[in-house]
Amino acid sequence: MDILYRIFIDPFVQMGGAPDLLVQTLWEGLVGGVLYALIALGFVLIFKASGVFNFAQGIMMVFAALTLVGLTEKGVPAPLALLLTIGVMYLLAVAVERFVLRPLVNQPDIMLFMATFGLTYVLIGVGELIFGGNPKKMPTDALFLPSGAIDLKILGGLVSLQKLDIAAAVIASVMVAGLAIFFQRTRIGRALRAVADDHQAALSVGISLNQIWIIVWFTAGVVALATGIMWGARSDVSFALQVISLKALPVLILGGFTSVPGAIVGGLIIGVGEKLGEFYWGPLIGGGIESWLAYAIALAFLLFRPQGLFGEKIIERI
Amino acid sequence: MKDDILLAVRNVSLSFGGVRAITDVSFDIRKGEIRAIIGPNGAGKTSMLNVINGFYHPQEGEILFHGRARRRMKPYEAASQGIARTFQNVALFKGMSTLDNILAGRTLKMHRGFFWQTLRHGPALAEEIEHRKFCEEIIDFLEIEHIRKAPVGSLPYGLQKRVELGRALAMEPTLLLLDEPMAGMNLEEKQDMSRFIIDVNQQYGTTIALIEHDIGVVMDLSDRIVVLEYGHKIADGVPDAVKNDQKVIDAYLGVAH
Amino acid sequence: MRIAQRATARAHDEGERKVAATARPAGTEDTFPKLLRHHAQVRGARPAFRHKDRGVWRTWSWSETYDNVRGLAQGLQTLGLRAGDKIAIVGANRPLLYWTVTAAQMLRATPVPVYADAVADEMAYVLENADVKIVAAQDQEQVDKLQSMADRLKLLDYILYDEERGLRSYDHARLRRIEDVLAEGRRALDDDPALARALDESIDAGTADDHSIMLYTSGTTGRSKGVVLAAGRSVAAARDTVAFDGITDADEQLAYLPLAWVGDHYMNYAQAFVAGACIACPESADTVQEDLREIGPSFYFAPPRVFEAMLTRVTIRMEDASALKRRMFDHFIAVARKWGEKILNRESVPLAARLHYALGEALVYGPLKNVLGFSNIRVAYTAGEAIGGELFSFFRSIGLNLKQLYGQTEAFLYVTAHPDGAIRAETVGLPAPNVEIRIAADGEVQFKSPGQFLTYYKDDEKARETMTPDGFVRTGDAGFFEEDGQLRILDRAKDVGKLADGTLFAPKYIENKLKFFPNIKEAVAFGDRCDFVSVMLNIELTAVGAWAERNNIAYASYQELAAHPRVYELIGKHVDEVNAALAQEPRMAGAQIKRFLILPKELDADDGELTRTQKVRRSFIAERYKPLSDGLYNGADIVDISTEVTFEDGRKGLISGRVKIVDLARHDAAGKERAA
Amino acid sequence: MFYREVGQFKTTYAADQAIFPIRQDRIGLAIILFAAFVLIPLLGGEFLIASVMIPFLVLALAAIGLNVLIGYTGLISLGTAAFMGVGAYACYKLSTIFPQVNVLVWIVASGFVSSAVGVVFGLPSLRIKGFYLAIATLAAQFFLQWCFVRIGWLYNHNPSGAIEVPGHTLFGIPVTGPQATPITRYYVVLVIVVVMTWFASNLVHGRIGRSWMAVRDMDIAAQLMGIKLLPAKLLAFAVSSFYAGVAGALMVFMWLGAAEPEAFNINQSFILLFMVIIGGLGSLIGSFLGAALIHVLPIIVRFLPDALGVPVGAATVEHLTFVITGALILFFLVVEPHGLAQLWRIAKQKLRVWPFPY
Amino acid sequence: MKLKRIVLACATTLSLVAPALAQESVFVPLFTYRTGPFAGSGTSIADGMHDYLSMLNERDGGIGGVKLAIEECETGYDTKKGLECYEAVKPKGPVMVNPWSTGITLPLIPKAAVDKIPILSMAYGLSASAMGETFPWVFNPPDTYWDGMSMIIKYIAAQEGGLEKLKGKKIGYLYLDAGYGKEPLPFLDQLSKTYGFEQKLYPVPAQEMQNQSAQWLNVRRDRPDYMIMYGWGAMQPTAVKEAAKTNYPMEKFISIWWPTEDDAKGAGKEAVGFKTLNWHAATGDFPVIADIRKHVVDKGKSLAAKDKIGTVLYNRGVYNSMLIAEGIRNAQKITGKKVVNGEDVRRGLESLNVDAARLKELGMEGFTGPIKLTCADHNGHRPTFVQRFDGEKYVKITDWIEPMTDKVMPLLEADAKAYAEKNAPWPKRTEVCDVKS
């Protein structure tokens, strides 16, 4: 009975007992979720336009952040470094298109998936070769990112909102909005949407498939950079961040591989879910369950809706 | 013999998310006959086959096989009751050889368990060889000796269709469903395939239901024909009757409705 | 095929073959059934027949074969086959069909193998002419053909078939499955010892004078004739050559040639029955090459066109190889050409060359022979037509002991054969054992041989014409003996003519020289009583097609390719080379080719342009393509032609187009070129 | 070139259905086995045996397991390392609870434990396909790894949090622990790997293998052949996990000697995945080739510069190894998407038709 | 020539005929990790170890007239690669190995006695290996993690005014959820019972090192009076940042000896006050460092970044190498041999006695305290001090704090015994003992 109490009653008692903590937990979950969502967004962009399940999105994030930090450490002014990094991400997109996607066109999806594994290893190696394996500090000030916290004394307690986290949320919203406009309003964006449905249709818009790939990968690279800056500012920029990026995978399951809103909503659900789980239920089984909770949530979800939250129902044709 | 009804479709309706694929269709297939289902594109022919072998479950109506009614049946149950099938777009196991594909059709007839399978000696091997013999008869029958060990993915389309037929035959079906067995074939290949279909029907007494676009072939091959249009049955009968049916002529000439 | 096949033969799984200790040539038996009985007793467990069926090589030992043949004989007897009756065999190489031959011989009936690809009319003629009572056919296709001509064959009682598919629903009043006949016969023999005794007696009663077989010659002119061969003579002839080539029961050969051809009957039936060797039947015509590789025969016989096709395939496949590999291949083939034949002939060769050759053996020749299925071959023969020197020496140089023989149906094959160590492409060798040869005054080759035929069936008149009064057989071929005693064949005696200026004109000789080029499939030479020699050519579609592909020449049909100017250029070079070669030969220098053209369609036996053995029917072609043959001699450069063709499915159609005729420069006898 | 297939004909189906129907292949196999059983122990140094061969064999076994799942049944799994972990921990527990039973028994038995766990995590595979399933298997990876850390019972509450391998003997010869010589351990691993490879080969060539491949190539058609998807997939999970489990037990007991949960982390899963991909999906030989390449290549990269006298920092070499591994993966995917096994098949085919190109 | 080398290289890698090393040298392999997730820490340690030994070679021509053959082997902090390194160096006759990873140490422990290669796992690895009677071949000076925990508790007690004041206090323990972080758990449990404080546990899974917000939310809820951290790699800077975010008083946040300057710097000035244990200085103002600069760094023979010299982990590497060098020197002294082997160095380490005078000779006066090992005690259980981060560097703020050896020893003994039992048959000690304590 005690067990049942601790599982089903106690956590809620705690929530009620310290609403400020609950709010804080939710906030932390939301912020974490936003960052997961950003990584997932990169996945979705690429998957939507090229059908490639880009496992390298995580390492792209690390690589982008490392490049930025590496450049600033070399004394390049931060804004310039930012531009240069964007340039590097563009070159990366071109290289990926030229050396990975183009030769692998028409290969089964799993091959492209594996190729992004190879890409991951190459980027890790190159990244470490150039920047070394040391964790690096994100020059938040130089990038005009706020620091410090806003402390709200509410609910009989204190809810502390890091300005950085707020910035992350704002940037994420801006990016999503920007991408939405890009997809809805621009010619290239429409082509990108078309390519997801029909490669031929895209060609009729007058953009070659290769260009589209470059654009998508570049866009994903920029998203990765933004994500990298945020994560880097929260902890340090190091290759260990890549493991965290795996968290975007359950987000994808939840949101569906092709849905931008799905990535956002999925990210938030996963973020909040795992924080609540870890905070209120984790201690029951010794804590540290965050490492798999997200996957478990996604898996449970998947069993009921195999195509994800926003994915289209798969009708099998024969 | 020929009047025994093997399979009856009774008032079957099927829809996908509101889109009607089949509406209240009934017909039957007699033992030992070659039954054709024809109709313009999108008439619901393939859906009908999918209903028969349990891949789709109709919202209304029922299917009687050997006189027993069923509404929901899994495809593998259909298989174990003796319904085999080929596909419109060849659905072979591309990574396997011709022989392995045909042997795969014997799966239901093979019973040696996991233990013997790991050893691949004694009973498992004996069983494997026994079924190999059976498959060799099919290979001989379909005249595909020369591609016995070739991976099917690399075979020309016509041969793939033949292998697929072989795989279905390996199941020793009572009812064989052929979905456009001659699509994309040239004249000679069509003649060969027609010969095989007739031989199967005669030699093994297999009942055959087939979908085919080549009306000439259908008229030659089949004993009776069902004509579907937009999911409705518009005619049913022997080739001559169907050929002269006004509705059928309209459907094929595309008279406005 | 589910015929008795005991475990004995299974010991030879995986193709392991051991020389049986009991190997010794058969002795006194003078008929094939007696030979069979002998082997069943002496080497009962040794494999006699193999057939790739349902994916594996089913094998029957000699004793199983004997049992099966006896059963079949009994079954045939039940169906009414008696001594002196004729039974036709139509189909591909199948143990059951071979057994039918022996079973008939057991009953002292005469088997008559018929070309399976013959059109109904031809076949009907043969069956009618031979007074066939029963036909053993392979499958539905043959049965259908036979039934279509049933009204013409008054004597025909039964049609037997091997493969049941498609036939089940046929009216079985006069239709039997060979297997069933065999099974019934066996049952009868088992049930009734008297029958078995009677059969034994029938075997014993067989004499050397029995009509062992009747082979219909295709004949370049007129209807084919049934060559009647006697049992004793056949066995004696085979016995001689078995000894000559040392064939034993360890030998194995692939039977893939038409049953009705003397080559197959001699090599795959008579010799095997004498020596106790094993006969392997391929799975289907499509798989012969593969089956050859699997079986790996030790004795091999093929007409030149088979070797030619093989070399063509080798060349084409090598064209697609990487540059490095091609260079290696070319290098070692050059080495082989230089030393290979010498090594094969056991001449003295420098050690360095031997080593070089050994390296080539490891890298090229060995693998090549492996891919072609030649690795185990001890002796290979070619016959039927002249073989190109290049072609011949190519196979010899890579270590295949290929020899030529000259033979005739009337001789029961062997007239001459190459002895080991003295092998030249131009000659056909020394007289075979116990064969006497002489050159008649008009240059015709005449012989007397142990296997010599008895007569032509129902045509003693013709037979008498063929024989000289002193018992020699006229071959109809013109030839002469070289200094070393080897015979050299020029052409059909009646075809050898003279140009208007009296120069000797041997059309076949020129045609063969042309056909030795892989790009030329057929050649028809004209010139008798004309001012000069001219030829009509067929290109080899595979070879020229591959060449065209490499040279970016687009074509839609054979006709288009044949008329392509660059193809003309290519073929022109070949013809010119032939001229250069002819110029080197004193007898032939005058008969160089002055004009040639490439025919817009492939010559085809179905159109009567070739015989069933793929020999050109010169006069028929000249007549059929009259505008062209006229054009060759009236100086026209371009001639329009339209001609009827028969498609594969039997439909007829019309082909029309314009054909270009090309003039060539002449080589003088010293080899230098001078204006024509 | 080395193939002389002339005269190798089959008179029975048993011979025709043999896994190595060509005599030269059998000879080649015999040579390889001879080398593995005789030459390597005889001539190889301790490093070769302990750090190259044993890991290579263990990884190859795990790769075979993964290949059953991905290559033969078409189910992507990113949790192989965790199943290896299950095997390792199961073997540890079993051998400490029942120390009197021979450890080799437990190594095999641990495969069954892993198998059972594998089946549980394979259950979603009926509803989930493709990448979705791949991600679902990550749940297994992280959850199981968490268990290894969190459940003290699994590691007998060792303060080190690791499982350690006590010495066990077989016929008086130490097979585990520090007393066991590399050669002994090598033989144990080799025998197990050879036997299990043989089993796997039998499986994939028979009815079960065909039904897996049918599910992989065209699951709809497979169902219509009468193949039930869930049992087929679960069996693949079970067999795959069994192999992974045994490999995991071998890894700890025969190779590492002690292991922390980190030994079974996601990286290990990825590396096994690379082995299977580079080696060739749906090929047992490929699993070996892939394991050889992925495991041995870094060793060579690491020792080569040194041996060549080129001073390259240890760290640089490590980075280069990453780049090279990644580049190789890309290279193979681009040049030969079907992996080393396909190269091997092509090479073999070339040798068979030598001197012809096809 | 190149070809010959390649052939030779292949021969050595594959057949591994152990290449005969140049005579008159002592082979010291260094297992390092300049790559992988912990490269940040590993690089400094590797540089420190490498540079000190190189300095000895450059300055003194080695030890006792024998050159040191130093060879780095990259482990990437990966157990499998570590074992590979071990197998690779084994044929070359190393006098000891420094695994620099608990994961690598554990499988090596049983091998040491068999291969006769001593293991020096300096303040990491298996705590119980401090018991020389059970583990004659393993050395883990100068402290075990349990010693560390006891000293942190003692420091906290000192802040509160005595051990008895701990009663009722809440002490949080943030640890890497792995063997290393979990090891002190039973000891902490024991201490909390003894002194009546409440322990709060915050495990950080290895994959979540950089994502600790949940743990720190718990911290916020529980409001522990003190926080203890056993972290590693990226976990440490993240923890400091999270602590700052959570407004946790930095002065009450005490870590075991692994955090670096960089780990704290990330949180900027909010990290001021963060404390860690240490047993050696964290500056470069010592003769020994000067010598390293002079003989190694300035000659361009060091891989170390200039600003890292004299930092916590660099100095730790130097300290580690000092132990190596002294062990070898001692072995030479005991055996009288110049070229010593693993067995000799085991004896050398066992009778190691670096006293104040010797430290002075080494140019390490004030750098660290004396250390003495015995046959029974392979650890030394040396006192440590607490250093406080001042925004730039760590500053020593306490005097030496002695560990609670009395509490630690029984645990170690029990553990060693349990280890020997679990790994039965564990060999009985037969090795000679030069110094009976």
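Per-chain residue numbering starts at 1, and chain names A, B, C, D and E are given in the order in which the chains are listed.
Assume a contact is a pair of C-beta atoms (placed from the backbone, for glycine too) under 8 Å apart; a residue touches a chain by one contact, two chains touch by 3 or more.
All of these numbers come straight from a predicted model, not from anything done at the bench.
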At the largest C-alpha centroid distance from chain A we find chain C
Chain centroid nearest the full-protein CA centroid: D
Please name the chain that ends up farthest from chain D once chain centres are defined by their CA atoms averaged. C
Of B-C and D-E, the pair joined by more C-beta contact pairs is D-E
Could you tell me the distance, in whole angstrom, between the mean C-alpha positions of chain C and chain D? 55
Counting in whole Å, what is the centre-to-centre distance of chain A and chain B, each centre being its mean C-alpha position? 48
What is the distance in Å between the mean C-alpha positions of chain C and chain E? 88
Centre distance in Å when chain B and chain E are each reduced to the mean of their C-alpha atoms: 73
For chain B, which residues are shared contacts with two or more other chains? 55, 87, 91, 132-133
Chain D: which residues touch two or more other chains? 12-13, 16, 142, 146, 149-150, 220, 266, 315, 318-319
Counting only residues that touch at least two other chains, what does the list for chain E look like? 34-36, 39, 43, 177, 205, 207
Which residues of chain A touch chain D once you look at their complex with the stated criterion? 53, 99-100, 103-104, 107-111, 113-115, 117-126, 128-129, 133, 243, 246, 249-250, 252-253, 257, 285-286, 288-289, 291-292, 295-296, 298-299, 302-303, 306, 308, 316, 318
Write out the stretch or stretches of chain C touching chain D in their complex. 9-10, 12-15, 17, 50, 52, 55-59, 293-296, 314, 317-318, 320-322, 325, 328-329, 362-364, 366-371, 373-376
Please output the residues of chain B touching chain D within their complex, sorted ascending. 53, 55, 74-76, 78-80, 84-85, 87, 91-96, 100, 103-108, 110, 112, 114, 117-120, 124-125, 127-129, 132-133, 167, 171
Give every residue of chain D touching chain C within the complex, in rising order. 1, 3-13, 15-16, 23, 352-358
Contacts from chain A onto chain E in the complex sit at residues 18, 21, 24-25, 28, 31-32, 128, 132-135, 137, 147, 149, 160, 162, 231, 234-236, 238-241, 243-244, 246, 274-275, 278-279, 282-283, 286-288, 290-291
